[in-house]
Structure formats: C-alpha cells, structure tokens
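In the two assemblies presented below, subunit A is common to both, partnered first by subunit B and then by subunit C.
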Partner chain A sequence: MTTTDDTIFREICGLVARFAPAGVQLRPETELASDLNVDSVAAMDLVMEIEDKYEIDIPINQLADMRSLGDLVELVRQQLKDR
Partner chain B sequence: MDIFDKYAQIAGRHDKVLELGTDPFGVRLDEILSATEARIDGRRTILVGTNNYLGLTFDEAAIEAAVEAVRTQGTGTTGSRIANGTYALHRQLEAEFAQFLGRRSCMVFTTGYQANLGMIVGLAGPRDVIYLDADSHASIYDGCRLSGAKVVRFRHNDPEDLDRRLARQQEGEAALVIVEGLYSMLGDVAPIAEFAEVKRKHGAWLMVDEAHSFGVFGERGRGVAEAQGVEEDVDFVVGTFSKSLGGIGGFGASSHPRFDVLRYCSRPYMFTASPNPASIASVRAALVRIDREPGLRGQIWGNARQLHEGLAGLGFDLCSPMSPVIAVKMPDEGTAVWAWNRLLELGVYVNLAVPPGTPNGVCLLRCSVSAAHRSKQIEEVLGRFGQLAQELAAARA
Partner chain C sequence: MLTPTPTANETLPFRTADFATLAEGLDYAARGATGVNFFSARGEIATALPYAELRLRALELAARLPSAGLARGDRVGIIAETTPEFLIAFFACQYGGLVPVPLPLCINFGGRDAYVERLRGMLQSARARAAIGPAELAGQLQQAAIGTLASFVGTHEELAALPAARPFEALGAGEPCYIQYSSGSTSFPRGVLVTQEAITANARAIAEHGLALRPGDRCTSWLPLYHDMGLVGCCLTPALTQISVDYIATTSFARRPMVWLKVLSEQKGTISFSPTFGFELCARRAANGLAESFDLSAWRVAGIGGEMIRPKALDEFARTFAASGFDASAYLPSYGLAEATLAVSFSRLETGVKVDCIDLGEDFERRRLARPVRPDQAHGRRTRAFVVCGKPMPGYRIEVRDDLGRPLPERNVGRVCIQGPSLMTGYFRNPEASRAVLLADGWLDSGDMGYMVDGELVITGRSKDLIILNGRNIWPQDIEWAVEKVEGVRAGDVAAFAVTGEDDQEQLVTVVQCRLGDGAAQEKLRREVHATVQRLAGADSEVLLVPPRSLTFTTSGKLSRAAAKASFLEGALRDLDELPTVLEPLRREARPLAVAS
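Entry: the complex of A and B
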C-alpha cells in the first residue's frame, strides 16, 4: 500500500473497529462478512459513513466484489482519484 | 461442494427461529373467514398484518366482476402483453387508472414487484444514475440492479443528503430519484415535497412508489404525493394492486409524452404473462369503490389511531407517528420471535420483521390495520398485546 492508502486504511479502521470481535486484528485481508460479521445491509450503511467522510459516492453496484478491508480501501482510493 | 452451502448460515438462523414455535415465514391460513379474520392452527385469528388496507378482498362487486371475467374470458391469458396477452380489459383498466391518477398514460404489470422492476429497468440504463432511498423495498433494489445503472443510496428520508449527492453527479448522466410514499416496515412517510424541491434544483427525475399509500393517503386516495400537494413534481408513479385494491398486479403511470416506449423496451413488462382477466376485473371494481367511497379512508385512519394510541398507552416502543402501518420495536430477535409466537397463540397475526429485511437492524412486530377492522376487533387485539406486555415485563423481572 502507498502512504495515502495507509492513511485511508487507518481512517477506515476507525469506522470499522466497532464491528471487530475481541481479538480480531484489522488488516487489509480481514474479511468484512466472515471476520467482522458485517452483513450486506450493514456493509451498505458502513459505506455511507465512508462516503460522508470523504465526500464521495461509491455506487452499490461496486460493492458486490468487496470482500476485505483492502477491497474497501481500494474502492475509496479509486473514487478519490476519479473525483 | 453442495450448491446449498452458501445458505448454511441463514438456514441455521432459521432453525433457531423454528425452535421457538411456528415458522413465521411459512404461516398457513387454513380458512379465510373475512378480510380481517382467518383460521390458523384451528384458532380463529384476527389478522393485523395483511396490508389489506381498505378491506376490499371480499368486496361483492369485485368478486362478481372476477367471476364474470373468468367465465367469459377464461382463467388466464397465456401470453405476454406484447403478444396475445393484451385484452380489452387490460386497456380499460389502464385508461381508468390514468384518469384516476390524472396522468397521460398508465401501464399494468402482473405483480407489484414486477411493476417496480419494469419501471426502473425501463427508465434507467447503464449510462444513468439512480439515487435511491436507503430504506427502499427489495423490488426497488432488484430493479436497480437489473437496470445496469450506477446506483447511489442516500440516507432515508433525508433530502439534504440527496442534495449533496446530486451535487456530485457527473455531467451527461440522467438522474432518477426513487422514494416510497409510505415505508412498509417502519410506517413512516416520505417528505416528497422536499425531495421534489431537490430534484427540481438538479434537473433530476422523480419516481414515487405509492404501494402502501395508494387508496389511503390524499383526498382522493392517490397517495402521499397527493396528500402533500406535489403530484405535478412526481414524474413517475408506481403502485400495486395487492394492497388497497385487494387483488394482484401493479401499475406505473406518467404524463411524459414518450412514456409508452416502455411497452416495448422494458423487459419485465414484455417477457411475462399478462395478469389474468379475473384479477384485472376485480381491480377495476375496487378502483371504482375507492373513487366513490372516500369514507373508507376515514375508517382506516380511525382504526389506525385506535391501535396506535392503544399500543403507545400499553408502553410499547412504536417506530413512527400514526399511519396504517404500526411497527412495534422489540429489543432483540429472540424476544421478537417469542412475542410473535405468543400473539399467534393468543389469536392475533402480525408480521415478524427482522434484519436484513428491516432498517438499522431493528426487530419488529409489524401491524397493519384495515378499514374492515371493527373497533371491537382492535380492542381485542389491544387486550392481547396488553397480556403480551405483562408477560414480557415478567420475563424481564
């Protein structure tokens, strides 16, 4: 990850931390559904918070392939680049 | 790998629900006694979760019209609207609906679900953007996905959030905003007038799904947009026949001069069998009754007030101000399933609603009242909710 990605990752971890069960460390490969129990609706709500933070829109069509925190960071990075 | 492995988690959750009693998602109504009562597990049960808002499922004129249609035109059309499935009845209903709604044109669909699919897929394509309220019905989400459009969610009932998101829209994209009149889970109403202001500011198109509000809101029963005096700002209106109209099917209507292009461009309209003659005939009769009998709305709002005030008085946590949909919040899924079973044992059927089918992860006992409920029935329902409240309090103590 680049420095910018590291910053985005840290900021997103701050938003995701409330989902993390005790003992689960947040890493780019941490899976939202299986590791953090974030279901499809919770994932869409989480994305909404992220959209507000960065003033971007992440179309929900792009969430189908999102599995890990790293995928989420990449989505944000892409939207920031396209802005 | 078993092809059903992907459902292991949800199947496990369903098994836990079954351990607490009846399957809430597979209730069997053995005998339909009236618009408001049925026999379930041998018990006479008051139905308070049917969306039969005006109680027209046993309307005599609608039944006679359906019987006459099935005798004279058969059990089914065996064809799609673009082939042999357009009968004079379909066209008559479309003309009557367009007139009732004050729209230039109306299209009839086979179900309410397909009405949303057909309208959204027809209106939005891969080069367009759909802005949808986060609490939208599954049929709206599915239509959005099928359309191939870029789909952006905005916060529920939040015109300012929509405004911010539309401001970020790229040039050259058509924007379709989708909201519902009355939201089916929590029973809250959309501020359509404020949404209309935002859509005008950004040059977007506005579609309103009046599935749960048609027949109930507005002076003539046309829905929440009529009640808020902003029908002219609504470009496309969608609705269903399976609630206030007591049948099955759905409609989409608009005054856009090119609207009828959807008849040969919207695949969910084109590639399915058209509604059977009996369904269309009963809906025509029900529409006449809605048009001629505004007193039905007085009855349903009276019943809504009685149930809402009664449940609030019993100390239940209600999700929204009074409307025909009254959602009682439960603290967790286990309590919700237990309470739902207890009500059924006491002879009251309500809907159990749990995540992900509900917003914000809430668990609900969802009630919907009907104009056909008698005041005494609502009193009985409240009495049984009162017993439930005592048992829940005892369990907490």
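Entry: the complex of A and C
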C-alpha cells in the first residue's frame, strides 16, 4: 500500500509535479490521466524518466491498468524487486 | 553474441513478390538467410528470426490451430505487438487456412476500459473465432471476448501447447489474406478485407516501381504492425522480397526516438518509412553532437506517408541530420490508404520533396482552382505549399472528380478516386459502409481531396472535413496547424470544424485541448487562438478550451473531426469555463499513439 511518506512515492511526485494543474494535490489516489493531464505523449516521456532513474523496464502493456499515482508507484516497486 | 540476419542472400535469386500467395512468398524467402530482427528499447538486438525459422515455427503452430476448435476460413484476432510471436501467429494463419485480424495496442494511463471496448468491437465485427495475445494482455483480451464468437481466447504459449493435428489447407490464390482495421469508431469499426491477390499485387508494385527494391536493401521500422504502413510496407513487402528487417517496437520509439536512427545507422538500413511527425520527433530530440554519432548515409529511401506531409518539419530533420550523412533527396513522399491495401502513388526516387506552391485567393476558395505561384510572386499573397505525392504506380489510376462524379482537369481540387489491382472488394461484412466508398464503376472514393499537376497527385485534405464559409473553402488542417504553433498548444491538440448556425450560416468552431490551470492564462490562450484563426481564415471562430484527451483519434492516429463535431453538437464537449472547478472525471478514450497511416 502506497503512503505519502513513502520514498518512491515522493520521488515519483517530483517527476509528475510538472503535469499537475494548480491546486491539484499529489496523493496516491490522484489519477494520472484525468487529474494530472498526462496524455499519451507525456506518458512516454514520464515512463522514460522513471526507467532511467530506477534503471528498470516498465512494461508498456501495463499502462492501461495504471490509473493512479499509487498504481504507478506499486509498479515501480514491483519492477525494482524483480530486477 | 546474437547476430542480425544478413542484408542479402548470397545464392538465392532476388524475386520481387511475383508469388500467388503470402505463404508461397515466405516459402521462397525461407530458402535464403535473410529474416527479421527485433531490437530492445535501448537499440540492442534481442531476437534474430531468419525467414526459414519464421516459416518452420509458423508451420508448427498451424498444426495446432484445428485443436483450438476452429474451422478453415475462420478469423483469428491477434494483438499486433512488434514481436516474433505476432509474426509467427500471423503466418501460421496463412499456412493453416485461417484469416488473421491484427489488433491494436493501448499505451494510455488508465485506458483499459476503452481499450477492451475497442478490442471487443473488432472481434465482433470480424466475427473472430479465436483471440490471441501476449500473457500481459490476457486479462484484457479475455474481457473483450466476452459475448463474442471467440471460443479460443489465450496466449501464444497456450495455443502452441495444444495438440498437433493435420493443418487445414493454406490460404490459396483467390482467398482472403487478412483483415485490416484502420478506420471507423469503436462501436462501428470497419475492417478492410485484403485478399492474397491484393497483397501480392501491391507488394509487387511497391517493390518494382515505388522503391525499386534490389539485393542489398535493408528495412528499418518502428511503425506499428496493426497499421497498413507498418504491416504491408515494412513487414509483408519485405517478406515477399526476401529483404531483412530491423524492428524497434513502436513503444520504444515513442520513448526514445533516437533508437530508430541508432539501429538504422548500425545495421546500414537503406529503407525506412515514417509519418512526418516521426522525423519531427527526432529533430526535436537530437541533442548537441548526437547527430554526428550516426551514419545515415546508406539510407536511400526515407519514405513519408500516413498523414498530411509537412515540408518544413522535413527540412528541419534534413538540416539536423546532414551531419550524419542524411541526404534530403532520399525523401520519398507517397500516398496510399488501407482500402487500397497500402500504396497508390510514389514520387520519383532520389529527387526528395517537391512542393507545389499555390495561391489561396479567390480562385482557390470559390472555384477550387489550384493556381501555382512562383516564389518571386508570392509576396503579399496568401499561399500554401503542398507536397507532391507522385504518379500512380503502373496498373493504378487516379482521377480527381467533382461532387457529381465527373472527372476534373488538372489543377482543379476535387475528390481523389482510385482504381487498381489492390483495391479492397469491401469492408468485411459491412455492405453499407462498402457502398459508400466503392463506386459503381469499380473505382474507390478515397475520401481525400486533392488535385493533379503534370500527372502527379497533390493531397489537400479530407473531403468530409472541408469547411465552407460564405462560399469559401477553408481547410481545417490549415487552422489546426496554425493554432498548434500558438505557445502552450501541441500537435494533435486542435480540431477545427464548422457547424450550421442560424440562417443556415456556417459558424467556425476551434477546439483546443488546454493544460493550463490558471484562469488568466486560459483567457490569454483563448484570445491568441481566436486571433490566429482570424488571421488565417479571416473568420470569426468560437474557441472552445477543453481538458486534454477530449479529442478522439482513429486507430491510425488521425484526428476525428467528425467525432469532435458530434460531441460539440451533443453538448458533450464543454469549455473549461463551464466545468466545475474540480475537473470532473473525463472520458478515457483509447487514444493510441498518433502514429502511422
């Protein structure tokens, strides 16, 4: 379960902050597409940054299942464990 | 150390797709050493699959298909990832008497529901009896198949584990080859039925005339295999001409576009296609000094197609990569559409991009005449440079017709109609949609607008999107491109169309996807867009700022203006101003990467 004091969560927040419209708080349940305006082009940039930062490969097929910031953090955690 | 397949066969004579079927073409290619190669997201080779091995594995899988409860001629949906498994399954269908239906991928955050709907629509339309995909998408595929005719739904591994049986007879001459979904909405997808005759005829024309393929050619591609340009241009045509291909997954290209050029450079690719935006993405991402590290000098055909060709973006790429040995004369503008299998016309090899600069004045707007303007006369006039897409390939004919179907002389803008050996006979099980585009005289109405000049085709836009204001023709692309240049707006963020208002007057509407959260910034953007449209079209436009992802795209990444207009008229597209302060949950429309045709 992702919490706001989680290290990976805070790091990912640092990467997605630029997408957040004014007034939107970054929480595990914040939605990537609708709350943060991460469109398909931005999504690819974000995935690349995450891959480079953690030296992991994000399976693109799983993006459709990633709705929230918390989902994304869990995916990163899983990939780090499997590395 | 894994070695990619060689570029040319040493002993096997080169044949340009003179086969009756796709299976026969692969049988021949399998006698040589060439094949397909798959590269990782970082541009390292992951798999080399010689055509000989592709054939063996496809034959082996073909023997499992009867055990999946299928009958000969049944349709098989296959998720078209850029992987060996997709190609093996696609060719297994050819050898095993089944009709493959390539299915798209989804790469949107939270796009699952819309993706499942899209897959279901296609499985239903194709009346698919089986659906195959990679393990990671098994759940979505299972969900999509609920309520469809698909009795076998599973992974490549599950299919391969079925008991072997006597395979059905291979798809023969005169039979279907595959079904291509390229247009239509999620609920009413339209699948082009491509026959063996159509694919071999189109590949032959592309190989002999369009590209003049020869031993020593090598193809590099990041285009998705669920689109005609990727599947026909960069997979089936190479297989029918024994040419080696180096694949980069579309998703890898989207993350790291430079991987395309890295692989092309290292493998000495000679043939590679992209829509304009692929070149644009590379030019934008090219960091200082990076261009010098590539060697693009072997690249003799840089094909361009799939969307309106934008010459300025191509100039930018050519300038940026001149240091890598890229030669702008390699640019090869082309025109085609899935309804004709793929290609219809190519410009001349080794001549680069040729533009036709025309006057956008009264003659163009009112009489649809494309009068040329010499550069020295352009001053003070509204002009527009369109890219010339070449002459029809031998065996193909292009006629520009008026709305009543009468042929028009050169430099008259009208509907682009096509005849040739690879036209579809219809959309699969959709006579109504077929009748709308297949004309009584056997020609196809492409739905595109254009004109001919010296026997060469110039495309100006889509006919159904044409905006007519007070008798003047306004091309929505023009408005969209201009607005995309406004600060804060991106390519693909804008849709322009006209609605009929009071007194039957047409009213122009410009919809812009807006990422700005601040009200003052939004108002500034609104004013700038309004002013831009005013400057360009000389018309007052209603400007609607909508949240990102409000606009919809076809599976091939083309903006659907018709959908935008319908949403607007229904009141579903609402301005940010009218939305509650906390953004309401937005529709999660599956919007694939805007790639390829």
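The rule is simple: the second predicted complex is superposed on the first by the 78 of 83 C-alpha atoms of A that agree within 3 Å, B and C clash if a C-alpha of one lies under 4 Å from a C-alpha of the other, contacts with A are read in each partner's own complex, and residues count from 1 in each chain.
In the analysis below, a residue touches a chain if its C-beta (ideal position, glycine included) is under 8 Å from a C-beta of that chain, and two chains touch if they have at least 3 such contacts.
Quick caveat: nothing in here was measured; it's all calculated off a predicted structure.
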**Request:** Record, for the superposition on subunit A, whether partners subunit B and subunit C clash or fit.
**Result:** clash
**Asked** Does subunit B (first) or subunit C (second) touch A:M44, or do both, or does neither?
**Response** both
**Message:** Let me test your reading of the model: by the given contact rule, A:D65 touches which partner, first (subunit B), second (subunit C), both or neither?
**Reply:** second
**Item:** First, second, both or neither for A:L32, with subunit B first and subunit C second
**Value:** second
**If touched residues of subunit A are counted for subunit B and for subunit C, the larger one** = C
**Request:** Using the superposition on chain A described above, determine whether A:E55 touches subunit B (first), subunit C (second), both, or neither.
**Result:** first
**Message:** Quick check on the superposed pair: does A:P21 touch subunit B, subunit C, both, or neither? Answer first, second, both or neither.
**Reply:** second
**Asked** Is A:C13 touching the first partner subunit B, the second partner subunit C, both, or neither of them?
**Response** neither
**Prompt:** Pick from 39-47, 147-155 or 435-443: which stretch of subunit C gets in the way of subunit B?
**Reply:** 39-47
**Doubly contacted residues of subunit A, that is, touched by subunit B and again by subunit C** = 39-41, 44-45, 48, 57, 59-61
**Sites on subunit A touched by subunit B in the complex** = 39-42, 44-45, 48, 55-57, 59-61
**Message:** Under the definition above, what is the set of subunit A residues touching subunit C in their complex?
**Reply:** 19, 21-24, 31-35, 37-41, 43-45, 47-48, 51, 57, 59-67, 72
**Message:** Per the contact definition, I'd like the list of subunit C residues that touch subunit A in the complex.
**Reply:** 41, 105-112, 115, 134, 136-137, 140, 249, 251, 254-256, 490, 492, 513, 515-518, 547-549, 583, 585-586, 588, 591-594
**Message:** Which residues of subunit B touch subunit A once you look at their complex with the stated criterion?
**Reply:** 129, 134, 144-145, 150-153, 155, 164-165, 168, 355-356, 359-361
